[in-house]
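Structures are listed in the sections that come next.
Each of the next two complexes has subunit A plus one more chain, namely subunit B in the first and subunit C in the second.
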Partner chain A sequence: MSIILDKISCKYETDMINEHYALKCITAKIEDGEFIGVIGHTGSGKSTLMQILNGLVVPSGGSVYYNGEDIHEKNYNLYKLRSEVGMVFQYPEHQLFETTVFRDVCFGPKNLGWSKKEIELSAFEALFQMGIESELYYQSPFDLSGGQKRRVAIAGVLAMKPKVLILDEPAVGLDPMGKRNILDKIAEIKAERNCTVILVSHSMDDIADYVNRVWVLDDGKLIIDASVKEVFSHKRDLEEIGLAVPQITSIMHMLKDKGLVVNTNVTTIDEAKMEILRKLR
Partner chain B sequence: MLRDITIGQYYPADSIIHRLDPRVKLFFVFIYVLSLFMFGNLVSYCLATILLVVAIYYAKIPVKFLIRGFKPIFVLLIFTTFMKLFITDGTVWFKLWKFTITKEGVIDVIHILVRILYLIIASSLLTYTTTPTRLTDALEQVFKPLNKLKVPVHELTMMMSIALRFIPILVEETDKIMKAQSSRCMNFSSGNILKRIKNLVPILIPLFVAALRRADDLALAMESRCYQGGEGRTKMRILKYKRQDFFVYILLAIYFVFSLIIHLLL
Partner chain C sequence: MIKAENIVYEYIRRDEEGNVEGIDRVLDGISLDVQTGEFIAVIGHNGSGKSTFARNLNRLLTPTEGSLWIDGLNSDDMENTWKIRQSTGMVFQNPDNQIISSVVEEDVGFGPENMGVPTDDIWKRVEDALNAVDMIKYRSYSPNKLSGGQKQRVAIAGVLAMHPKCIILDEATAMLDPQGRLETLQTVKALNKMEKITIILITQDMEEVIYADKVFVMDHGKITMSGTPREIFTNEEALKECQLDLPQALKLANELRKEGIDITEGLLTAEELVDAICQLY
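Now for the complex of A and B:
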């Protein structure tokens, strides 16, 4: 069970004349149960790559294999793919449309043709997992706050019980609490269902805290595909393409510059604490 | 598919037609379309064709883009053609099972096709070569006299320019929403007509919400920059006729008078 990207490239017609390659020859493999983080500057092609994984954008070159089958083969069932690879878009709250929160969450499972009982059970479960208070279930989704809407929209995808969950900047535009909240929930769900998660984020701290493996995109190219520790040891390279290391890592770098010879290959606060204590002892 | 909608799109290029005064182009398209519908004879159609070909040539716009504009109305066009072809009474040319094709029917179809196609080409040529701002500037200038009759010309043209500006944004928004719903396994293209209409709900509601949100934002942004309508508002670029503009007016007059004479003679 895996997803393989084989020399994917993708072009868009920008205005009416010009073409623009949003992705250039991307090759990678995703194993079951991985938690992958995707970083890259604005316009580096993150969203495009995620939509290709879901079969929503057809690449102009290369192929995508899901469990060994080419998803752009003529008689490949894209509905089946989308039922197994769930995608939460950037600003997913913009896709809400039903009269009540609960009905909106049921929309995805309903399209899968499950029985009524299964649909409702799955919707309840997803809403519960995303921490939506039960008073809100029968309210209009348009009356909720931004963060609540976001969680409802994510629940709408979770209710389909995807085996692979793709999240395109799920926490953008939320306050720090709401952000932590959503990411913690996702980590919880991942641990519980043992699914594969791909998380796009602009926050290096979030990436360092949650994921195992990181993809760095720069101008449509996959330039680094490595573990968190290794990616954030390339401080210079990341800064060159407009990215950064997690705050705690840069603090360690500063300490080192000031003369405290610590190991800078640290990505979380706990690790940093241990390292500094070790040094001061 | 949605990106085929080309109404109101601008094609950036540097050509004589692009540089013409927008009022000239506006009058030109108006008179041109008028002439298409007033004079329906072979000679005037030939003249109209020549004019159109010359304009396309000088506008430096690839024919590909002009043809793209037809795609959305293609089905409609085919449908009207067949309806007209089979239900018009008159001299029977030939019979096909239950349908009869008449001479009048064929002539009518030719009229309809030429007029609609030329109308679309001419008007998309106008928007391809004129930015929405210039176009609305021109409209405002042309209709300025109506201000005296208490018609809010500035406001109306402003509305038009905003509408034009919003077409690509809404197209993009629709694209995004369609993608989001199809990632929730929504099936657009199955079921009977009733089901398909119901299928539009998950697209249309988020689209309306998005449009209202954008309209709200825009209104706020305009107000916070002290926009208060046309009264006393000055323009950064003032429209001024140049030599080539008069030349085009003369060309237009010759075309119109000539067509009129032929129409009266025939």
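Now for the complex of A and C:
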């Protein structure tokens, strides 16, 4: 099981003179069970790339292979692809529409033609895993708080039992605790279901805390595809393209600039603590 | 600039026949005083009433009880609506809710045009505003061809072009990449310093709070804490109770302190932490 992107490019707004590319010749392979973070400045093509992964946008060049099959072949079942590659858009709570939380979560699996029992079981499981208290199941989703709505919307995608889960800025607009809560839940679900997770985020701190592998997009090109440590060791390159290293990493760089010989290849608070203690003691 | 005395705001929930089902008291006795030229941050968890408060400042809503003066104008008086909206500009979280024209520069010019600014002046304002948010090269683009963050910068430019006395940013940087966020905040800070525009920054991002002169923490419709960022961030426990958090640098400082490292209390920025560590070395 894998997803292969083979020289994907995506053209838009074509007139006689100008051609704009949202994506330029992207080649990558996603293995089963990976946790990939996608970063890039606004307009770098992150969202377009995510929509290509589940067949919502058709690339103007190159092919996407899901489990060895080209998803844009004539007879390919895109319907099935979309049930296996679940997509959580930005502000997914705007897509809530049903009268109760439970019905809303059932909507996805219902469209996959499952039996009633399967649908309800899957919806319960998804709500439970997202940490929604059972007394909320039969309330209107519109009466929930922002963080709860977001979790219900994600549960709606999880209920379809996707093998690949794509999340486009899932924590944006939430308070610090709500944000941590959602990302922790996603990490737990990933471990339990052993699915592949692709997380788009502007928060370098979150990327450093959660993912294993990072894609850096710049102007439609995949310029770095490496581990978290490796990516955040390219401080200057990241800053040049409008990104940054995590706060903690930049503190280590500042210490180094002041003449303290510390290892700057540090991305989390714990690592930074150990490194500074090592120096001071 | 803004004076609130014990303001209360209630959302009234009604059933299908229009009978009152319940009353949500979202603002519960808020009193505060903001001087002209101050940079204020308002923080609080989702549903704490921050946005409702902001909407009251712009007379999108009017307080159920209590009194509110904006730029010396009583917000109870219908007559003051347009004057208040001209003096306090608002930037929302989702730029799609704010952008109306099909060309970027027309969108930015919409505000001043409605105020009856002479045409030449409008063009100058549009240019200055787009320069301030670094979107001048997109002036002839269609906003729906821009990415989320780019749109947000256009929305900010639209408010800037109206030369308001006060700008309210309701989580306006949530969708931006690190560079975009920094640029926006620096722009806002510069407007505050140079033009003495009062800034009210509503945010979930604790790193942004550092820029403010004064912080109000909201919880359940009340202001539970207020003070300089330095004062607010010394009380980690109280912040956590309000589902908030500390900036990364201060979390690291606290962790180091727990290990017995003697780091000065009352730090605020990463630079200060770095200096404190260097002194120990």
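Heads up, the rule we're going with is that the second predicted complex is superposed on the first by the 275 of 281 C-alpha atoms of A that agree within 3 Å, B and C clash if a C-alpha of one lies under 4 Å from a C-alpha of the other, contacts with A are read in each partner's own complex, and residues count from 1 in each chain.
Keep in mind that, in the parts below, a residue touches a chain if its C-beta (ideal position, glycine included) is under 8 Å from a C-beta of that chain, and two chains touch if they have at least 3 such contacts.
Small disclaimer: the values here were computed from a predicted structure and weren't measured.
Engineer: Contacts for A:L260 in the overlay, against subunit B (first) and subunit C (second): which applies, first, second, both or neither?
Structural biologist: second
Engineer: If we overlay the two complexes on their shared chain A, which of subunit B and subunit C does A:K273 touch? Say first, second, both or neither.
Structural biologist: second
Engineer: Scan A:I4 for contacts with subunit B and subunit C and give back first, second, both or neither.
Structural biologist: A:I4: touches no partner chain.
Engineer: Which partner chains sit in contact with A:I223 here, subunit B, subunit C, both or neither? Use first/second/both/neither.
Structural biologist: After superposing on A, A:I223 lies clear of both subunit B and subunit C.
Engineer: Which partner does A:M87 reach: the first (subunit B), the second (subunit C), both, or neither?
Structural biologist: first
Engineer: As a test of reading the superposition: which chain, subunit B or subunit C, is in touch with more residues of subunit A?
Structural biologist: C
Engineer: Shared contact residues on subunit A for subunit B and subunit C?
Structural biologist: Subunit A residues touching both partners: 13.
Engineer: Which bits of subunit C are touching subunit A when the two form their complex?
Structural biologist: 44-47, 93-94, 145-150, 171, 174-181, 204, 206-207, 240, 243-245, 247-249, 251-252, 255-256, 259, 261, 270-271, 273-275, 277-278, 280-281
Engineer: Looking at the complex, which residues from subunit A come into contact with subunit C?
Structural biologist: It is residues 12-13, 40-44, 47, 90-91, 145-147, 169, 172-180, 202, 204-205, 239, 242-244, 246-248, 250-251, 254-255, 258-260, 269-270, 272-273, 276-277, 279-280 of subunit A that touch subunit C.
Engineer: Which of the residues in subunit B end up touching subunit A in this complex?
Structural biologist: Spelled out, the residues of subunit B in touch with subunit A are 3, 9, 11-12, 65, 176-177, 179-187, 201-202, 205-206, 209-210.
Engineer: Considering only the defined contacts, which subunit A positions touch subunit B in the complex?
Structural biologist: 13, 15-17, 51, 54, 56, 79, 82-83, 86-87, 89, 92, 94-97, 107-108, 111-112, 142, 156-157, 160
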